[in-house]
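Below you'll find a set of structures to go through.
Look at the two complexes coming up: chain A is in both, with chain B in one and chain C in the other.
And then the complex of A and B:
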């Protein structure tokens, strides 16, 4: 990942700050930085969202396409995650530089969503065994300011919230085969129930303590972290340990407790904000990218 | 704990003061500066159809017949005597490479630093071997621009006791054009923090250190790694957020503006972040 150089004294300063529960920017250990979110920013997608978490900037687009379901899950649709690390974010991403990070993010996201209690994939099925909706979720990292995993997952959830899938009616053809009729009315659509979509919460172990939403500088001080996928009911759908450092079993337990607590609040706040934006309807002012 | 806002609900700088007075010498790329052909074309301008256009967004500077446009958003353009804050990125042959947010890496020669022990002594081979012991990759220093090389890269020096390696504290980066040029860029603010406003837009905020025993054998290369008290830390956090708030709103940074912002921020809690 885009690492920053820090001197020993700066690292010590950050470390002691976390011990005092007062981080560089005045936050406590369990606080997220402020986020700004906007949905429906890209017109040629089924749903999109842009999230700005301090300096981290993520754009997510969802495209719904009809396809063939997987043979082992004939009556389910599916999600396909793809992450693109723009070289605009950091020169390190140029060429194939961002590939490792991109796969890491898409893998953990598919793992978090691969849970019968997460997104209801059965609702994406059209004709069991032959046709279903496939949601291609494209994540574009525009700027790196730390905590890319959480930012990506929040933006994905928001984009899924704004996704509108055309209604499909299945007609019996002449010779027994099925015919699909896709509605082209932009209002004849269905929306996904995102209330059980997980958000990722990354807990970074710095010194003897752990923090959520580490900034880039804090990430440079952190040797081990735990990434959790948590729904707003507190269900853990994915868990991954990352980094070169090791973790004490007891601290893993502590981190999970914090993660669950923070993840629940995060999910609830996100849903509330998205509902608020949806309620604005046509009165909503589009902010977009130029500002 | 997790504060999420709508992008449309956030107040933009432009919304706060819509009829902010326009500067008449402010241009954007493509703007016609003059159709008079009597002027000379300087940096940030180009000639098309016998008219002089701006190629960058910035302020028009006119010296006699020469017209330049000084860009507002730019990398640091060094001048001799500037105070800068930089980060060591490479240790090389008798020199350190320093990142100062300028176009090219700046250089700090072994011969232009104060070494522990003596005032002025020849740099021996031993010193050269000890270079990484004094300053290593990632270390932050405050320095002064000694001279400019032919290609525009900077040569720095730390031959004064006020310059040298920086200890505990926090670095904030802002646009170099926001730092006002003053007589002094080192300030011990009365609220209990010391601030170095680097001309290159790197701003260092640190706790006020006690009595400095400069003459000690460390020569400024020994760092105090004792925990900073919570009170000092709060001051530093608040100061950092104040500097960022000022830079977000494109306000000039100097001791008075920072101090006023700090005093006005006291009615809010520390915990708030732009970045």
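And then the complex of A and C:
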């Protein structure tokens, strides 16, 4: 991750602030920063979203392609996550520099979505055993301002919400072959149910306390964090300790408690905002990609 | 790509024949008496074999067997960092987690895949808090864990094995890192799951279905690794973590004893 240099005095300042539940930007320990989200930003995708969380900027594009299902799950489509750490964000990502971070984000995301309830993958099946929809979820990090995991997961959920998959009808061709007819009507599409898609919540341990949505400076003070995938109903779909430090069991339980609480609210608010945006329909004022 | 005519041209990718079989009867998690198939009680570990110092050239090494899960681990270093990187007062720890190509039911590739990369990072983050990295500035220690046979709980076995290997290598540590894993399925909690007891996402739909691995340092009372997959309620997960910790505390004296015995054997 893009590192910031902090002196010991600055670190102490951040630490003391967190002790008093007042962080350097005026937030409390359980507060997220201001978030801006916009869906349908890239026209060539099946669904896309851009999220700006203070300085963190993430763009997600979902592309639906027809492919062959995995042999062990013949009647399901699948979801594939790819993370691209753009060198625009920080020169450290140049070449293969961001690879470790990219795999980390994509594995925790695929783990959080890797349970039968997260997304109805059966609805993505076209011809069981031979054709299914594969959703390629590409995450592009444009700017790193801390808390990339949460930002990526929120943007992914929003992009999946806006994903429109064309309806396919299967026709029996002559000689018994199956023929696919894909509708080219932009309104003849199906959408995904994202109500049980998880959001990631990262809890960073700083001193004796933990904070959600750590900024870059706070991340520099933190040795160990817990990343949780939480659904709107408060179920934990993934859990991972990350970082070079270790944690007391009691504080892990506290962090999980906070994570659940924050994750539930986050998920509900996100769905509400997305529905609000969708309800605007064509009246939606385009905010513009970068302001 | 030029075609090599000396070889039989087959398809570019191959598939396991098992995927063409008719779907076998799905074996239930437990048998009709609610017992595990291998006759263990729900909170019983598999018979374990552990020995340190199995690779003579390595600075430290260890081999662990949890019945059919077999992991061998070697530690090299501290040695000079070969790639010139930024100066650091802290030593560097690197971990590589590798499944032998024949270790799983499906053949694995030589090239590390995403799962192996992920497990390598998890192994590293489990061991890093336990090693006194400030004791060897500018140097690195390499840990290589290879799974020879995978019958479930491979990560847990690798963490325990690697920490024993590090200790055997005489690298200063705050504590051993022991690890335990669990399978959750509804009300059932199975300790140390084997391959067919492990959580596989394509199966059941019920809530509280998942698996958990915890790395724990018993004398410091610190959790160094924590990873779960599958859908669980918070309180169930909390209880499961406590159970894992309890189990780590239980095996701690045994592992210590084993380490001492291996060291004495060498002398």
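FYI, the second predicted complex is superposed on the first by the 290 of 291 C-alpha atoms of A that agree within 3 Å, B and C clash if a C-alpha of one lies under 4 Å from a C-alpha of the other, contacts with A are read in each partner's own complex, and residues count from 1 in each chain.
Basically, contacts are C-beta pairs under 8 Å (C-beta built on N, C-alpha and C of every residue); 3 or more make two chains touch, one makes a residue touch a chain.
For clarity, every value in this text was computed on a predicted model and none was experimentally measured.
Applying the stated contact rule after C-alpha superposition, one finds that A:100 touches chain C and leaves chain B untouched. Contacts of A:174 after superposition on the shared chain: neither chain B nor chain C is touched. When the two complexes are overlaid on their common chain A, residue A:277 makes contact with chain B while staying clear of chain C. Once chain A of one complex is fitted onto chain A of the other, the partner contacts of A:236 are limited to chain C, with no touch recorded for chain B. Shared-chain residue A:117: touches chain C; no touch with chain B. On the chain A side of its complex with chain C, the touching residues are 71-73, 76, 100, 103-104, 106-107, 111, 114-118, 224, 226, 231, 234-249, 252-253, 256-257, 260. Here chain C touches chain A in the complex through residues 15-16, 19-20, 114-115, 117-118, 121-122, 125, 128-130, 201-205, 207, 209-210, 212, 217, 220-234, 237-238, 241-242, 245, going by the rule given at the top. In the complex of the two chains, the chain A residues touching chain B come out as 5-10, 12-13, 16-17, 19-20, 22-28, 30-38, 50, 52, 54-55, 145, 154, 262, 265-266, 269-270, 273, 276-277, 280, 284-287, 291.
Within the complex, the chain B residues that touch chain A are 1-8, 10, 12, 87, 89, 137-140, 166-171, 223, 225, 227-228, 230, 233-234, 237-238, 240-241, 269-275.
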